[in-house]
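What follows are several structures.
Two complexes, one shared chain (chain A), two partners (chain B, chain C).
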Partner chain A sequence: MLRYMINRLLLMLPTLFGVAVLVFVLLRLAPGDPVQMMLEGANVSQQVVEAERARLGLDRPLYVQFTKWFGALLNGDFGVSIWTGRPVLYEIGIRLELSLQVAIMAALLAVMIAVPLGTLSAVFKDTWVDHLVRVISIAGLAVPSFWLGMIIILFLLTYFSWIPPLTFTPFFEDPWKNLSQLIWPAVAVGYRYSAVAMRMMRSSVLEVLQEDYVRTARAKGVHERLVVARHAMRNALLPVVTVVGLEFAFLIGGLVVTEQVFNLNGIGKLFVQAVARGDYTMIQGLVLLVAVFFVMINFAIDLLYAFLDPRIRYR
Partner chain B sequence: MKRTVLLGLMATWLAIAGIASAQAPRSGGLLKFAVGAEPPNYDCHANSSFAFIHPVRPHYNTLLKFDVEKYPAIKGDLAESWTVAKDGLTYTFKVRKGVKFHDGSSFTSEDVKATYERIRKPPPGVLSLREAAYSDISAIETPDPTTVVFKLSKPNASMLANFASPWDCIYSAARLKKDPKFPERNIMGTGPFTFEEHVAGSHWRGRKFKDYFEKGKPYLEGFLAIFISGAPMVNALAAGEVLAEFRGHSPADRDRIVKALGDKAVVQETPWVCSLVVTFNTKKKPFDDARVRRALSLSIDRWGGAQALSKVALVRHVGGLLRPGYEYAATEKELISYPGFAKDIAASRAQARKLLQEAGVPNLTFTLTNRNVAMPYTPVGVFLIDQWRQIGVNVKHDQLETKLYLAAQQRDNPTFDAALDFNCDFMDEPNLQLLKYLSHDRSAINYAQQTDRTLDDLFDKQSGELDKKKRFAILRDFEKRALEQAYTIPTIWWHRIIVTHRNLKGWHITPSHYVGQDLSDVWLE
Partner chain C sequence: MTTAAQKSRAVLFIIHHSSFRIDVITTVSTATSPSITYKVPRRRHPLLQFVVQQPLGAAGLAVIVIMAVCAVFAPWVAPYDPLTVDYAMMLAAPSWEHWLGTDSFGRDVLSRIIYGARTALAVGFLASFIGSTVGAIIGVVSAYFGGRIDLFIQRVLDVLLSFPIIVLAITVVAVLGKNLVLGVDINLVIAIGLPMMPKVARVVRASALAIRELPYIDAARTAGFSDARIIFRHMAPNVVAPYLIMVTAFVAQAILAEASLSFLGLGVTEPTASWGLMLSGAAADFYQQAPWMIVFPGIAISMAVFAFNLFGDSLRDWLDPKIKL
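Showing the complex of A and B:
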């Protein structure tokens, strides 16, 4: 197991290196000049533009720029934002707490809704319970999170003349203020998230309920509740864990529109701003961060498999 | 709809009533307002966006400033009084005594000198966007701590207004001496508010400066600028969560906020020193032919378009190269004599078709490069394409995200046919608004790429002309020539709409969203 873990961790390095090269090259291939964006509308001479480009190191050959950036990266230095001049890690750090919290809340909400409802839907297949759960889950898949977010905001504004706080307060500083801001985006995102997991849970439980060991348990006279809870649900969780994990990694950088709707100062919004400004170093840092999240979560999911299903052993 | 209009009228009336009734200002309170974008760094001299001015200006003073109630009149800020020599070559300012910087040090004329030296001759590594505006200054002298003298090499009609520029924040000479880049990462001025915090991507906070030189001011205990844009910003205004956004709203957003706030809304409106202009790439055929460019200008019904577009977009006023209503702008009588501004649009379009025929492009097809910013770029772009279609010109609308949009108009070898560009300045001043029409080798914001020495000469003449009547006449010659050649043509001028909560007092709208933002006179009811 330990050897497997070390191998997996080592394999992450070429993956992340590939991501780093790809994002660096693709950004430079795209048309547009970040310096021109910064000086938009200003009547400055070409010398000023060139001086600014030189100051940012953008006048050097690509391989020199890459070597410098990657060398610093190996020392944990992600560089400074072209746009703000502040360290990339600082810019990401102040937003990561919010994005992580929304992702965790949405994931918890999704699991809390998806696991019981998905199981109920499978156990009571083709009854009104199943139909209701399927309507709820299909609606969740059909409704975009940002749209639901807009409806929530408009509802709060119209009926209570209130909108969630506009600035972030850390949970441990003021839990009430924190939750009154973040519960709404968590609901908007968590609903769609739960719909995906709910569908997966239903089909997975249905499949497991047909297995021999479930038939054996029933034949042994085990109570139906225990059959479902101990034998069916636990085994049915494997694909659901995969879905939940991947969705979680996506949420870290993928809440772009929802963050705009709720004016959340998160990673998704930073991503959009960085792309719009042509902030190379910031985009590179963010893409790497999301890649690290995906790789780590995949790794964690694999380890969780072994916990959920003792038959799975890694060598 | 009727209800919205009624609410709007009521709110406007309240605004007028509010302004008229001179209530005694109250001290205290935190002003929360929205800012649609975020400043990249903290240096006034290196920035050009409202997103910078709105949160940062309250921390600084300038030598002069615009009198918002009598715009474009100017008044002293750190300058107590000033004189201009008859030949226009010497400007002498007496600066205030007893002014303190936020670190407790005293302000003197040396700080003014150090600031303007930094702007006109930035040290290596320092970015100064307004270096050119002060190129006529030959020397800055400080005979005593309360006097600063600017010597000019030639007269410059815009120099006094330049000294009121909100971008010319006065920095501490001592700090600049230690580190010329100090203002890039630090806020330290003499302004009414001290800097408290900036949480990147979220907000900016300022606190009342207890030692501010104007006794009793500022009235506010502090301000909180929240970076928020689009629909969330409108929602925040509608909920009263923020009391204002000082750039401007579209008519639809105004109506939504007014509907939500009811009699708590105060609406102020004015023509705006901003316009969208069409730039033709004169290095590319057939736009190197003045007949083609003029034909395209002639086919635009600006008068009809202004009426129609004002209902859906933040554009409303027909004007030439200078903002309608400004003292140096053409009168309506003069305007309708220029190509593209006649009220008989049928005759203009007949003339346009004839010109295209003569130029050998009766069935012209081209691409209009536009920015994918909804307001007002999209509606104006769609309007123009429809206007051109009416003379048989087929235009593809290419809306690009800002980075690609700017790349298409890049300074060397641009690829666009025609582009919708913007001309937005911090004040009404021909030396600023006409820069786009100067030859390419003299103006970095001329994307049309033309070289026209006649226009250059006329620009220099008006710039050095201190007699208002004479300057006005030269400006008409410039405008006539520019519109006949049509390298870059104005479309419709913007209309600034600001909705504030009635609890916000002491703020006055001006045609520029850059001026009047030091918040020293603002108070909360």
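Showing the complex of A and C:
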């Protein structure tokens, strides 16, 4: 097990290095020049632009820039945002709480909806319950979360004259205010999320219900409810865990757009701003962090697998 | 010497033997109700077969066809020009004149949705087609060669897979900028297609790995065919099922991605009609007074994605239920 973990961790390194190289090269290929963009309209001489480029190290050869950036990265230094001049990690740090909270809330919502509904759908396969759940889940995959967010705001605005607050209230400052602010973006993102998990739960329960041990349990005279709750659901959760985990890593993608709608100053908004401003270091830092996050979650899912299903042994 | 009896027994045996297979098929119907004659299944047209076996998928296909027709014949279907600004009719509510109302420039929402179908379908199809095709080729090549090449390709795919679709698409859009070819932003297509490529490559590789071990590939190799010929003539045709399934599934994703990017102002730009674009900009400021401005484009996106998902799911069930996306 330990060997397997070390192996997996070592395999992550080339992947992450690849991500770093890819993002770095991609951005340098971009036609826009961040310094030009930043000083646009400021009517400065070419000399000032050149000086600024030199200050940021953008006039050096690509490989020099890369080694410098990557070397610092290995020391945990993500560099300084070209646009704001503050450290990338600081900019991300002040926004991380918000995005992470929305993501976690969305994940909890998704699981709370998906597990019972997916099970119901499988148990009552081909009845109206099943059809209803399937329509809900297919619709969830089709509705864009940012549009759902807009509709939610429209609804709240019309009936409760609620407008998305301009500033973020941390959870520990005022939990109620915080939750009332973040529950709606979580719903908007979580609906799609739950749809994915619901489909997985349904097909997984259907599969498990065909297993021998379920038949054995039934033959023993175990009550059907217990068969479903103890034997079917528990075993069916395994693939659902994967989906929920993977989707959690991708949730940041859903947040990129939804945060705009709810006027939330989170990671997603930071990313869009960074792209619009050509803030190289910020984009690099964000993309790399997302990739690290994603790879770690993948790793965690594999370990969780072994924990949930003792039949799985890694070597 | 063979007697007549022996002969007839032999014949009987043959008849019995050959009728055995038919027996298996017909026993049930003849045993229960001998009067009913057994119907030989007619070979129906595949499209008809699909419609009968997958009614939901057929419904999805119908919606797709209607959308495609609207998109192609937009100038004749749309009641107004999607770009005509009419300040006298700003933010008009849905009426007989403007079925779905007008936006903050007085442009007809229905017409913009119909023209938006052009953008959505063109970008959706192209992105999915390009991404899936490149992915499928990479997948087959990776499986065919195996060894180091396979390992290297897999690591590269790992890198691409560790980006969320939208994050990768946004980065690529930012890098490539705009490049209009025949009215379609080809760089947007690439940006949306690129994140799909590794996923298709993974699935196709898995199918191709199984094919590689089959005798006819060995036979082709023994016959001295070139690698390219074996890959394209012998392996590729056999991974068409997962390929087709992924193309349709990814059209839906591509439409969503286009809408998201345009909404963020990174995709299609004004004045071109795009569903995502209709939800951004002025819509955000006016949608309390004019909810139709955002409600209908959103429904259009949802319906398109819904239709493609429905069709894609049914196609999978029909072609190969084992494939997992």
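Basically, the second predicted complex is superposed on the first by the 313 of 315 C-alpha atoms of A that agree within 3 Å, B and C clash if a C-alpha of one lies under 4 Å from a C-alpha of the other, contacts with A are read in each partner's own complex, and residues count from 1 in each chain.
We adopt the following convention: a contact is a pair of C-beta atoms (placed from the backbone, for glycine too) under 8 Å apart; a residue touches a chain by one contact, two chains touch by 3 or more.
All values reported here derive from a predicted model rather than from experimental measurement.
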Touching partner for A:168 - first (chain B), second (chain C), both, neither: first
Which of chain B and chain C A:73 touches, first, second, both or neither: neither
Partner chain in contact with A:129 - chain B first, chain C second, else both or neither: neither
Contacts of A:257 with chain B and chain C, given as first, second, both or neither: second
A:150 touches, of chain B and chain C: first, second, both or neither? both
Chain B versus chain C as contact partner of A:278, first or second or both or neither: both
Partner chain(s) touched by A:94 [first = chain B, second = chain C, both, neither]: first
Contacts of A:290 with chain B and chain C, given as first, second, both or neither: second
Contacts on chain A seen with chain B and repeated with chain C across the two complexes: 31-32, 150, 154, 157, 260, 276, 278
Residues of chain C defined as touching chain A within the complex: 155-156, 158-160, 162-167, 170-177, 252, 256, 259-260, 263-266, 279, 284, 287-288, 291, 294-295, 297-298, 301-303, 305-306, 309-310
Contacting residues of chain B [partner chain A, same complex]: 40-41, 48, 125, 127, 129, 131-132, 184-185, 199-203, 224, 226-228, 230-233, 235-236, 238-242, 260, 401-404, 406-407, 410-411, 422, 424, 435, 443-445
Residue ranges of chain A in contact with chain B within the complex: 31-34, 36-46, 48-49, 51-52, 55, 83-86, 90-91, 94-95, 150, 153-154, 157, 161-163, 166-168, 260-263, 265, 269-270, 273, 276-278
Residues of chain A that touch chain C when the two form their complex: 14-16, 18-19, 22-23, 26-27, 29-32, 138-139, 141-144, 146-147, 150-151, 154, 157-158, 249-250, 252-254, 256-257, 260, 271-272, 275-276, 278, 283, 287, 290-291, 294-295
